[in-house]
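After this come two complexes, each holding chain A, first together with chain B and then together with chain C.
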Partner chain A sequence: MDRNNDVIMSSQLYSILVTTVIGIGILSMPRALAENVGPDSLIVLVLGSVLFLIIALLIQRLVTKFPNKTIIEMSANVLFKPMGTIIGFGYFLHLLISTVLVVRAFGEITKNFLLLNTPIEVIIISFLITVVYSVRSGIESIARLAVIILPMSIFPALFVMLVAIPDLDFTYFLPILKTPLPKIIKTVPQIFFSFIGFEIILQLGFFVKDRKNIKKAAIKSILFISSVYFVFTAITIARFGIAETKILTWPVVTLFKSVDVPGTLLENVEAVIMATWLLSIFMSVAVSYYVATFLLSRILKSKEHNYLALFILPLVYILSLIPKNIVEVYEFLDKFANIVSITMIFIIPIFLLFISFLKRKSKKGMKRNG
Partner chain B sequence: MDRIKIYLIILIIPILLFSGCWDKVEIDERAFITAIGYDKYEGGNEAKEENVEKETEKEPLNRYIRTITYPNVSLIAGKGQGKPFFVYSTVCASWADGRQQIALRDNKNFYVYHLKAVIFNEEIARDEELFREMFDTFERSVFLNRKLYFFVTPNKAQDILMTDTGKNMDVGLYIDELMSKENKPTRMAKSDLGTIAVDLRESNAALAPRIIKSKDEIKVSGAGVLKDNKLVGMLGELETRDVFILKGKVKLADYTIKVDDKFIVVSQTDLKTNMKTYEDKDGNINVYFDIRAEGDIVQHYFRTSKEPFDEKYIDRVNKKVNELISKELGDVFKKIQKDFGADIFKVGENLRKFHPATWNKIKDDWDEIYPKVKVKVDYKMNIRRVGIKQ
Partner chain C sequence: MNYYEKLFNTQEDTQNKINMAKGLEENLKRLKEMLSNCDDIIYREFNVGKDQKLKFATVYAEGLADKIIVNEYVLKNLMILARITEPEVNSIREKVYGLIKDGVLSVSDLKEIDDLNEVVNNVLSGETVLLFDKWDKAIVIASKGWPMRGISEPETDTVIRGSREGFTETLRVNTALVRRRIRDSKFKIKQMRIGRRSKTDVAVLFIDGIVNQDILKTVVYRLKSIEIDGILESGYIEQLIEDNWRSPFPQVQSTERPEKVAAALYEGKVAIIVDNTPFALILPTTFNALIQATEDYNERVLITSIIRFLRYTAMLISVILPALYVAMLAFHPGMIPTELALYIAGNRDGVPFPAVIEALIMEGALELLREAGIRLPGPIGATIGIIGGLVLGQAAVDAGIVSSLMIIVVAITAISSYSNPNYSFAISFRMLRFTYIMAAGFLGLYGLMLAILITLIHLCNLKSFGIPYLSPFIYYTSLKDFKDTFIRVPLHKMKGRPQFIAKEDKDRLMNKFSRDNLKRGEDNNG
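On to the complex of A and B.
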């Protein structure tokens, strides 16, 4: 079973990015927004998305600047050799932990809404085995899967959102801009957290065949993701109001539950929607798992990543069962998002880009002098 | 190698195919609870004897009488026989306790996914502690649907659920059809659990439909006014209609008006309501309702000489109708404002959204300010149609 096919197209990169980023975060995002900025949620969301688009462009710049290099070689090149391994290992840990957290949250949601009698251990292990299977198949299979899953997971949910439209009250977004400014500024990084997963472009850029289109794929994916976020947040808050959204653990799931699709045989559509939504969570996990194993194989200088996927499996499984309850998962998720992810998505890539610019300038200067 | 693979496949396929049957529950073994009613348990002697069954040393914490009903599914499908519905009542401490107790008494598996209605007896609804306990259960549960109807009743919820509707269905399904029919009656509050929860959080007041039993019939009419997480009062049928006109949720209403010693009926159609709030110079909060409607004379007098076809007469009717309805609506607003102090028209919410500066000033004293809010209702109806005779 030699699947030596590590090449993807930029359009596939777009699907991978979208399915990776959209996942667990959006289900609770309206709550975080309503809690912090109330009626200004949508404004803050747009602001955050625009800012993230700029960050995304910077990250993409870094990717196109170093063709055929992963983050390890990039940072080794820009800084010095051991730094490459350290930063690479940092990214590996970051992806591992985010995989763990998403897997646990996935388990909780599935147990709560779909598989009520199944032990969470069984849910998680069977999920992880499926993930490992697709990870072992290589990036090209994952890319094809992403292209198939993207419409399958997002569109049923969007359809249900449309059905909710008659009962909406958009005055919940009034008054505009009465939230104190520091609060708005504090909340913007939380929006970045919803874009966690985008940093995999740093590694996946390595596989892309038509490199000049990476920029287009990055912009397109950010636009698509932020519009999905916008629609979900707008409809959820317009339906439940600020006060109610604040107290729901997964406002979006409750929205699925409270929607009455007219003339359906199925009375409770949320089970169907949740099932399709799980596909997108599956993609988030599969891609970050793949990238984590890929980075590990690069750090260990091994040619294959396949066997490593199996080695990480018990680690992910045990770590995902450590949090005692859902409250702890979300507390950790918040802390993790604030510190680690901002560093990984934001600070390191921009730092590298900055240094590489400086280096080039100094090189140019040296040439001129010499 | 291939042989092993084939063996493996033969082993795996039955697991996939047959494991589903292992825990199967056939549809006729399921009891889909459609309505649950709660009454307050006062602790009579009779009921105490029943509690011997519990065999606990601790004093049981009985506060509710919980009544459930579920339809005879096979009868609805046209196959089975027997009663069209089943009703069980139990004395219990909580939702979960009641569920456990009823499970001991029936041979079916209970499911609440399809619950349509929850009925609270007035006494339970007026008790803040019990009301909050129950409401939290409803909101927290994954199984319950936010679209279910929440009723209050002055009668016993148990009696209502035991009513035989005579239509081969149980009360839950009956209520659901009644509430969701296409020609919606205008004299009832149509709000579900989700709406009530949202309204209680946003404005600390909400309306719940009222259900009453008279002889062998049940009737959904009027509304219960909820405030501060409990029931504070009830509204009659016509008051409920007026409230919903003010809220802009009613499109059609009939009014009987006396003009020149004749009772004529003017049907109000295409009702549109616009509510405005503002603070006047003296610092008083004002509410202004601007309601537009079209009129249709549906009843006049037999053998009157072309009166409804006279422009002057129509003008007079218009004026009279506007005056009377404006007053009636204003009175209803004042009644709710003074008697219950419940902000069911979302005046506070409106101020918060459209006049945030004013709202920030008064929000802490809103409970005292609301009863003093000045109201003006401007009802503007024009008769457009007079029927097919002159």
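On to the complex of A and C.
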């Protein structure tokens, strides 16, 4: 089958995208929504998802337009040579920082819900070593892992959500559309933050074998992700109400905690769900880590990303321990999401697409004239 | 030379050729030199013809060659019958050797060779070699016939419903057992010799037109590159050609059952049968293939689907149950229902060790018992099981060294691990269990998840002869390949061969067959 160690199928790309995007973001998302737009959370969520779908289609257009090119060559091609390295480095930093933040947030969650007495350093370092092991085994292995992990991580959580259904009160979502419009517009980037990770398609498109299906994979993954987000947010807010959701750090985790699965052997399933959710967070980190090392190896023009993965490990570890507490992590995440991610996901790809479009047009025009 | 002959052709056969001399004395002298101090080689010189002018000699290895064939059909024909018929001397003078070959020896399998090295090889593999005076060729008479074990029921892959035949130690018998299940001219058996000294016969079995050529090429290439003095068991070959020796998981399936080999060949896989061992190798192997038991296809579909599901669950239990128990006791006691938690606490009262140590002790003791049970002869082995399991376990609980709940956990684990149909697969899980327990002891549920993740990453990385080990779970491309995984769909729904292996001739069951047709036939009859 795929003997070459650098080829993935578009169906595997779909799994990678879903497992990468779904991760840490959703755990706090209902809080952010409830804080900002209250009862209109779901409407804003749908709005944000639709907007993001449009962005995703644009990004995807860029990927299919430049076959067998990473973002470095794309931007070098569209703009000029040093720009490729600069933009590539920008993406590297962006991925590195988002990896660091996710790792830290993950460490905090694990410490809070699974291992109360274990130092966070132990949790982070053991997690990172596993990530590096996965990164070193290559993209094909990561792709296969994503396909297996997707059902393993999402379905237990969804199952627990189902159990919570009898206690739901959907009147919390009333009245509809009472939030002022500027607030809604301000909240949409918050939703974009939850889609961070999607920009890896810019790099992973490079590996896909059946390129014509990339579009389908992109659309399918966005639809799946947003429906998972929708279900999670709807059930969390309907269970706790707006006022309570606002004050919970990770409302979704609290939801897992509050659910009593009837007739099971275990009393508190939240530890099990958190353990399976760990798989999803692992994928987010592993993929962005992989893409970061891949970009770095491209910038440095070295063929082996294996050693680079080890080289970055201490950096990620030290950076992840810098924030003093989880509040700082989330403050930084918000700023980061607002400025950097929007640039990386939204502005740069569309700018590149626009320029390449203009270039092609002018070329055509020149041909016609000449 | 056709494709397969080229593929299997080895250069060295023709390299160290020693041409035979014309004189019988000379040839015998050289043979005796080459086989000096081999007292099991029998040389018999005799004269043929009415006037006893033609000098012949037979050479064979005692114990390997069937003496009856040599005596009755070679020596008797040449020495006595040839004299009685008194052929016209003049008419046969020129073609005496041809005549002997075609008209005298009443043996079905003959071949002519002119290489002294080949003579030695043939003698040592049990054939009888007939040497002539004044001729530089020898005739090899197939006379392999050593005492061998009869075909009996395999010990490892036992079934309730299914064939009772198992492979034996003789290659020819084994290939015949498979041939009986695939009477197709496309079913090929290519033989090669591996081992500088042992010169073990190794047969590569495949069905032309179904087999995945990439896999076959890899297999033959790897087999050819083996340079070793002796192959004693197929395990040698397995370890020399497998992809990753560090992996705890077997990447080659070994079986004693001919129908399992036949089924694998029908799926487009390749089988290797090695002389002197009843264990054939099937490759490539996937994770899923190792969970399938022979019987799954012989019994009716509903029950086998349930059993298949049960087996997957048992596999999961056999790996993670003790680790899960340790993690819950040590790190997440809140997960256990209150009443049970109180009971466990009471039960563990006075146990001096933490749960991890307790689990490791008990699992270690269990492995010890298992090993002792295998090494001891049959009836005593069973006794060890009873003494170890019942007496020791009960005594340990009474003494307060381990809690009785831990005994239950360990026992469930052991039973689950026995339900795995493949022995080498089951032992790899036994190995993993210990690392999982330790991971759970250090970092609780989180550690267990990390250990599972590392195993998963490793499994995703693993390939068996170019086929990803976790096929078909790692693709979404088609649901067809999932028909024989967690459940087994009815045979009439399994129309194709596994897509990740078979590249040509993908249909097993022709589209003509459908259940409706069966019913229609019924109507016609009625």
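To be clear about the criterion, the second predicted complex is superposed on the first by the 366 of 370 C-alpha atoms of A that agree within 3 Å, B and C clash if a C-alpha of one lies under 4 Å from a C-alpha of the other, contacts with A are read in each partner's own complex, and residues count from 1 in each chain.
As a convention for this text, a residue touches a chain if its C-beta (ideal position, glycine included) is under 8 Å from a C-beta of that chain, and two chains touch if they have at least 3 such contacts.
Remember, predicted model here, so these are calculated numbers, not experimental data.
**Q** With both structures superposed, pick whichever of chain B and chain C touches the larger number of chain A residues.
**A** C
**Q** A:268 contacts which: chain B (first), chain C (second), both, neither?
**A** After superposition on chain A, A:268 lies in contact with both partners, chain B and chain C.
**Q** Once the structures are superposed on A, label A:191 by its partner contacts, choosing first (chain B), second (chain C), both or neither.
**A** The answer is neither, since A:191 touches no partner chain.
**Q** Touch test for A:254: chain B only (first), chain C only (second), both, or neither?
**A** first
**Q** Once chain A of both complexes is superposed, is A:279 in touch with chain B (first), chain C (second), both, or neither?
**A** It touches chain C, and chain B stays clear.
**Q** Go through the superposed model and pick first if A:171 touches only chain B, second if only chain C, both, or neither.
**A** A:171 contacts chain B only, not chain C.
**Q** Go through the superposed model and pick first if A:112 touches only chain B, second if only chain C, both, or neither.
**A** After superposition on chain A, A:112 lies in contact with chain B alone.
**Q** After lining up the shared chain so the two structures overlap, which partner does A:144 touch, if you call chain B first and chain C second: first, second, both or neither?
**A** After superposing on A, A:144 lies in contact with chain C but is clear of chain B.
**Q** Tell me the contact category for A:244 with respect to chain B and chain C: first, second, both or neither.
**A** first
**Q** Could you tell me if A:15 is touching chain B, chain C, both of them or neither one (first, second, both, neither)?
**A** Touch partner of A:15: chain C, not chain B.
**Q** Touching chain B and also chain C: which chain A residues?
**A** Comparing the two interfaces on chain A, one with chain B and one with chain C, the shared residues are 267-268.
**Q** Which residues of chain A touch chain C once you look at their complex with the stated criterion?
**A** 1-3, 9, 11-12, 14-15, 110, 114-115, 118, 122-123, 126-127, 130, 133-134, 137-138, 141-145, 147-149, 265-269, 271-272, 274-276, 278-279, 282
**Q** Once bound in the complex, which stretches of chain A touch chain B?
**A** Contact set of chain A toward chain B: 39, 112-113, 116-117, 171-172, 174-175, 178, 240-244, 247, 254, 257-258, 260, 267-268.
**Q** Quick one: in the complex, what on chain C touches chain A?
**A** Its residues touching chain A are 214, 331-332, 334-338, 443-450, 453-454, 456-457, 460-461, 466-468, 470-471, 473-477, 500.
**Q** Give every residue of chain B touching chain A within the complex, in rising order.
**A** Contacts found on chain B: 23, 113-114, 142, 145-147, 194, 197-198, 201-202, 352-354, 356.
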